[in-house]
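Notes to accompany the following structure.
Per-chain numbering from 1; labels A, B, C and D assigned in written order.
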Amino acid sequence: MDFKKLIGNAKQIEGFKCRVCPQCNGKACRGEVPGPGGKDSGMAFIRNYDKLNEIKVNLDTIYAPVSVDTSLELFGKPFRYPIFAAPIGGLIPNYGDKHGIDDYHYSKAIIEGCKRAGTIGFTGDGAKDEFYTEPLRVIQENEGWGIPTIKPWKQEEVIKRIELAEKAGVPAVAMDIDAAGLILLAMAGKPVSPKPVEELKEIISATKLPFILKGIMTAKGAEKALETGASGIVVSNHGGRVLDHTPATVEVLPEIVRAVGGKMKILIDGGIRTGLDVLKVLALGADGVLIGRPYVVAAFGGAAEGVELYTNRIGVELEEAMLMTGCGSLQEITSEVIYK
Amino acid sequence: MDFKKLIGNAKQIEGFKCRVCPQCNGKACRGEVPGPGGKDSGMAFIRNYDKLNEIKVNLDTIYAPVSVDTSLELFGKPFRYPIFAAPIGGLIPNYGDKHGIDDYHYSKAIIEGCKRAGTIGFTGDGAKDEFYTEPLRVIQENEGWGIPTIKPWKQEEVIKRIELAEKAGVPAVAMDIDAAGLILLAMAGKPVSPKPVEELKEIISATKLPFILKGIMTAKGAEKALETGASGIVVSNHGGRVLDHTPATVEVLPEIVRAVGGKMKILIDGGIRTGLDVLKVLALGADGVLIGRPYVVAAFGGAAEGVELYTNRIGVELEEAMLMTGCGSLQEITSEVIYK
Amino acid sequence: MDFKKLIGNAKQIEGFKCRVCPQCNGKACRGEVPGPGGKDSGMAFIRNYDKLNEIKVNLDTIYAPVSVDTSLELFGKPFRYPIFAAPIGGLIPNYGDKHGIDDYHYSKAIIEGCKRAGTIGFTGDGAKDEFYTEPLRVIQENEGWGIPTIKPWKQEEVIKRIELAEKAGVPAVAMDIDAAGLILLAMAGKPVSPKPVEELKEIISATKLPFILKGIMTAKGAEKALETGASGIVVSNHGGRVLDHTPATVEVLPEIVRAVGGKMKILIDGGIRTGLDVLKVLALGADGVLIGRPYVVAAFGGAAEGVELYTNRIGVELEEAMLMTGCGSLQEITSEVIYK
Amino acid sequence: MDFKKLIGNAKQIEGFKCRVCPQCNGKACRGEVPGPGGKDSGMAFIRNYDKLNEIKVNLDTIYAPVSVDTSLELFGKPFRYPIFAAPIGGLIPNYGDKHGIDDYHYSKAIIEGCKRAGTIGFTGDGAKDEFYTEPLRVIQENEGWGIPTIKPWKQEEVIKRIELAEKAGVPAVAMDIDAAGLILLAMAGKPVSPKPVEELKEIISATKLPFILKGIMTAKGAEKALETGASGIVVSNHGGRVLDHTPATVEVLPEIVRAVGGKMKILIDGGIRTGLDVLKVLALGADGVLIGRPYVVAAFGGAAEGVELYTNRIGVELEEAMLMTGCGSLQEITSEVIYK
C-alpha cells in the first residue's frame, strides 16, 4: 500500500463523515460536532492550521552534513520520531455508523501502526465506558504500548480509570482537561467539569505513571499544570471542538514554553500536517507533536499498515526539513530555524 | 419549536427582505437601506461582525468550578442574561409588506419573548408616529416591561414621547442620537438632527427615568454623554445604517470604557451573534449587549416563543463560554479572558 | 433623469469600453491601457480605491448642528463643492470608437455639467493636438470656465498651449507632469518627458495664471513643486495608468501635506467615489478632490445633465458625512474625523 | 514574432506541463514537483511573487531627464540589462515528454536568445549527466557565453564539471547549493548534500573562474558564502522547489545585502516577472536578477528569438520604470525608489 492508495480507500468508505480533503484544514467540516469538525464557526481548528502556515523557515545548506537523527526519549521511553497519534474517541458518533469502525478497531490501527513506526498512540475516552475500556484492551494486547487519555470525570472515576491503565502496563497516562465542556458528554449526561490544582494533585499523586495534562492554552494554565505535578502537557485547543475562537496552539506555544522553563515536557497538537510543521513547533520549543484527524484517515484507509505508513511519511518529511535547515538532531532544531 | 424550525419558518415568510443567512454578517444585504442592510458598501455592519471574530479568548479549565451565574442588575432591575433586543422600527419599509408583521406585532414578539426569557426588549421609533406608539402599547400591555427608544426629534417632541413612556411604566428610556442623519427619516421629511449636550441635559432632567444614549462611537462622545447626565450609553454605529466606513463597535469599546471610568452603564451592539461574542465584549468592559437583526429572524420565525428561544440559546452559549474560560459570574469576565 | 437612469444609459452605449461596474474599483479593467484601466496589474488604481476604504471615520452626533456648508474658494474663485472633474483625454482610443463621443463632446458634458453644479472641470491633452484644442473650445464657449491640463511637452509647446488657455479666459492651468512616460503618447511618437524644477519655473513664470502640477506622489516631489512656484498640486498617480505598483494617493497624502506646510493648495485624485471619501481626504489635509472615471460614466450616461447630477450626488453625500461627523464647514473637517 | 504570438505558441505545445498562466504566480502548478511547480503547498513560490507585488515605488517625474542606461558590468563582462535566465534542468521530467524539447534544445534557446539580447543565460544540471553536458555543449557552440550551474555533488564530481566548464570558455560558474535535498535527485539516487565552507573553499580555489553560490536565504548563509571566496551569490529559494514555507527571496534580500557589505555581487531570483520587479530588487541592493519559469515559456513559444524578445521586453519595462522614478542608470536605483 502507498499513500495514494490509502487516501483512495478512505474516500470510498461508506458513510465516512470525514471528506478526506486534500488539505485537512477544518474548512469543509466547520461546525460539525458531533462529526469531525471544529465547534460553531470552526475557526479554532482553521486558525491552528493557518497560523502554522504563516511561520516561515530559514533554508541553509552550507554546513557539514551528518546523518539526520529524528529520535528522542520521552518519559523514559525511546521513540523514532517526535510524532504521536492524538486521542480520538467516539468513532461511531463522530465518524459515522455505517463503516463499522468502532473505538476498538480504530485504536487497534492506531496502537499497532504507531508501534510499528517506532512511536506511540494516545487513546480516548467518552460518553460510554467502552470508549475508554475498548482502546485500553487494544493497549493491553500490545504489551501496554499506548497512552490512555481520561476525561475530567469525578475524582473516584478518574482514579479507577488510571488503575485500569496501570494494569494494562502503559508508560504514561493523560487527561484532556479541556473536555470539561464537551458537548457530546453534556448530551450524554456524563458529569465532566473543570478541576482545580488540588484535585489534579490528588489524581497525579495517586499513580506512579507520568501524567500528561492535555488542553493547556495559556502560560497561566501551564503554571497551574506545573503545580499539579504533571510530567508533561499537551498544548491543545481540542482541535477547536470545545470552544470557538481560541488562538491557535502554535500562537500560544512560545509563552507556554517560557512559563514551563524546561520543567515539564511539552507536546502540542492542532493543525500539524507535515514534517515541516513538526520542525516548526520543535523550533518554537515543543518536545513532540500529536496529530489527530489525519490519523483517522490513515486508520480508516489502511488500518495499522496505514497508520505506520502515515507516521513514516511525516517522519521522512521531518528528516528532509531538518536537512534543508541544517539540523542534524532534534536538539539542533532551535529558534534559529524560524524566519523572523 | 426548536431553533432549526424557527429558521425554517423565517425562510418561508413571503416577501421577507431578510435572507436568513447562516451567518448574519451584513454581506448579502449590503447597501439595502431601506431593507435590513448596512448603508452603501455595508462595511460598517460587516466590520462589526468581522472585528468580533478577530478577538480570541483564553481557554482554561484548571480551576474549581462553581455554578455559572449569568444574571445582572441594571438600572435597578434584575435580568437573567446581559442580552437585550435592540430597537428596530419601520418593520414594513425595512422588512417587507407582504408578511403583515408591523411594528405592533414585531414589538409584541420582542417584548413578550424577552420578558419570558428574563431580559428586556428595546423598541423603536420612526418616520410615522405609530412606529413609536404601537410598540409602546405593547409595552403597556406587558406592565411596562420594555425600553422605548426615541429619535432625536425637536425637544418638545422628545419630551412628549418620554412622558408617554413614563405613563407606560417603563424602567428606562433611550434615544438613538445617531439617527440624526437617518435616510428613511429624511425621505419622510421628519426633522431629526444632532443635539448638543445642553439639549440632552434638558431632556434628561425632564424625567426621573434612567436615560440611555445610543450611538456613541468615540471617547469624546462618551465624555459628552457623561455630561448630559445619562445613566448609560449604547456603543453602536446603528448597525452600519447611518454612516458607511465607521470602525467596528468592538474596536472603539475599550477607549470608551476608559473614558467612562465606571460612571455610566455601557451597553454595546453591532454584529453580536453568539454567547461567546457576549463574553468577549463583557471582557472588554461592556455591561451588556443589544442584538438586532437576529431578533428579527427570531420574531418572524417564532413570535414571542421564538424570541424567548433565541434569547435562551445565546444565554446558554454564554454559560458554556464562561465555563471554558473560568468565569463563574459576569463580574469574573475580565480582560484576562481575551488573548493578547 | 435620476442616477439609476444615468447608469442604465451608460450600460447601453455601443462599444463603450467601460463596463460601468457597480463599484468602480479598477478590477474589471485592470491592464486595459489604452482603455479605462490601470497599467499592467492595475494595482496602482485598485490600491487607490482600497486604501480609501480602509480609512474609518468617527461618528459623533452630540453637537449643536448648524447648516452644513460645503463651499470653498480656490485660486480666487468660489465653488459649491470641493469636487472637480479630472482631466481625461483621448476619448476615442480609451473609451471606444463606436459611440461617437470624442474629446469635444466629452468636454462639453464635463465643463457644462460641473459649471451648473457650481464646480469646475479639468480638461485633457494628448497624442493629437485636437485632444487639447477641442476641449479648450468648449471652455471658451463657457466663458473660460474650465482648467486645461497640458502634457509635459517641450517648453515652447507648453508655453504655446498656456497662451491658448489664457486667451480662453481660464482661471488656472495645469500640467500632468506624470504623463512623462505615458504609453499612448510613446505609441504616437509625441515627445513628452520629465521636467526639472528650472524648466517648470520657466513655464510658470511665463503666465499670470495659477499653475497646478498634477502627478505628485512624494514629499520630495511636493518640495520640488513648491520651488517651481506652482499655486497648487494634485496628488495623483494618474489613475494607475503610468506606473504599476505605486502607493495609493491617500497613503502619500499626509506626508505631502506636511511637506507643503500650507504654502500651496493640495488637490488629490485616485479612487474617490463617494462624499465620504471626499470627507476623508479633506480630513487628511487636502483642499479638494478630482474624480476621473465616474465622470466618464456620468457624461456618457447623461451628458451635461448627468455630470451635474453626479456632482450634486457626491456633494450631498459629503453633506451627510459632515453631518454625521460634526463638521459644519470644510474647515471643520480635521484629522479628528479620522479613526486612529 | 511578437509576445502575443509567443504566448499563443506556448499554449499550443502538446503535453506542455506549464499552463502558460497570464500571471506566472505559482498557484495553478502548486505542488507539481516534478513539474513546474513549488513543493507541497507551493507557498514558497507564491510568496516570492506576492511579496514583490507588496513593494510599492515612488513615482517622481520632476527631474532633468537623461537617456536611461540599463547596462552593467559583472564578473568583468558587459551586459545590456541586469536580467539573466535562471538555470533550469531536466526539461523532459519537469515540462513533459511529448514536445521533444530536451535540455540541449532548451539551453540552445536560452543561451542564444540571451546572447542576442545582450545578457547571458545560466544552464542547469541534474539527475542525468546529459542534463549538465548537453547545455554545456550549447555554451561551447556559443563561444562559452553561458554560466553552467553545478549541483552539490561529491567534491571530485564538482571539480570535474568545473573543468569541463573551463574548457567551454565560460565567464563564470555557479552551484545551486540549495539542491542539497532535491526530490528529483533523491529519486534518481544521485548523491547530493549540503557542503560546509571548507569543501566550498576547496572547490572555489580549484578554479580561476568567478564562482557563484546560488540558494542563499539568510544573512548567516551569506556570511558563510563570503568565507568560501565566492564572487557572487544568488538569493534564491530554488523557486520554492526544495523546501516549502520559506520566506520570499525579496524579504530576505535587505538583510543579506547588509551582511555582504558590497564584498560580493548579489543576484536574486524568485517571482521576478516585470521590469518594475527588477527595479525593486535593484533598489533593495541586488546587482541583477535571474528569471526562471517565464524563460521556459519564452523558449518553448519562440526558441532563441522568443528568449531574445522576452529579455528585451523586460529590459524595456525596466527602462520605463527607471524613467518614472527618476533613475538614469542602474547606480541611481537606490532605496529612495521604494515607498516606505
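One rule holds for everything that comes next: contacts are C-beta pairs under 8 Å (C-beta built on N, C-alpha and C of every residue); 3 or more make two chains touch, one makes a residue touch a chain.
Which protein is which chain? UniProt says A, B, C, D = L-lactate oxidase.
These numbers come from a predicted model, not from an experiment.
*Asks:* Kindly list the shared contact partners of subunit C (L-lactate oxidase) and subunit D (L-lactate oxidase), in label order.
*Replies:* Intersection of subunit C (L-lactate oxidase) and subunit D (L-lactate oxidase) contact lists gives nothing.
*Asks:* Going only through chains that touch each other, how many steps at minimum separate subunit A (L-lactate oxidase) from subunit D (L-lactate oxidase)?
*Replies:* Each step joins two touching chains, and the minimum needed here is 1.
*Asks:* Between subunit A (L-lactate oxidase) and subunit B (L-lactate oxidase), two copies of one chain sequence, what rotation angle (nearest 5 degrees) aligns their Cα atoms?
*Replies:* That pair's rotation angle lands at 90 degrees.
*Asks:* Since subunit B (L-lactate oxidase) and subunit C (L-lactate oxidase) are copies that touch, is their contact same (over half of the numbers shared) or different (under half)?
*Replies:* Different: when the shared numbers are divided by all numbers used, the fraction is under half.
*Asks:* Just curious, how far off is subunit C (L-lactate oxidase) from subunit B (L-lactate oxidase) if you go by their C-alpha centres, in Å?
*Replies:* That pair's centroid distance is 42 Å.
*Asks:* Report the inter-chain centroid distance for subunit A (L-lactate oxidase) and subunit C (L-lactate oxidase) in whole angstrom, where each centroid is the mean of the CA atoms.
*Replies:* Once rounded, the distance between the two centres reads 59 Å.
*Asks:* On subunit C (L-lactate oxidase), where are the residues touching two or more other chains?
*Replies:* There are none in subunit C (L-lactate oxidase).
*Asks:* Which pairs of chains touch each other in this structure?
*Replies:* A-B, A-D, B-C, C-D
*Asks:* List the residues on subunit C (L-lactate oxidase) that touch subunit D (L-lactate oxidase) in their complex, please.
*Replies:* Going through subunit C (L-lactate oxidase), the ones touching subunit D (L-lactate oxidase) are 40-41, 43, 47, 152, 177-178, 180-181, 193-200, 213, 215, 217-218, 220-221, 224-225, 228, 237, 242-247, 251-252.
*Asks:* Can you list the subunit C (L-lactate oxidase) residues touching subunit B (L-lactate oxidase) in their complex?
*Replies:* Residue list for subunit C (L-lactate oxidase) touching subunit B (L-lactate oxidase): 23, 53, 55-65, 274, 276, 320-321, 323-326, 339.
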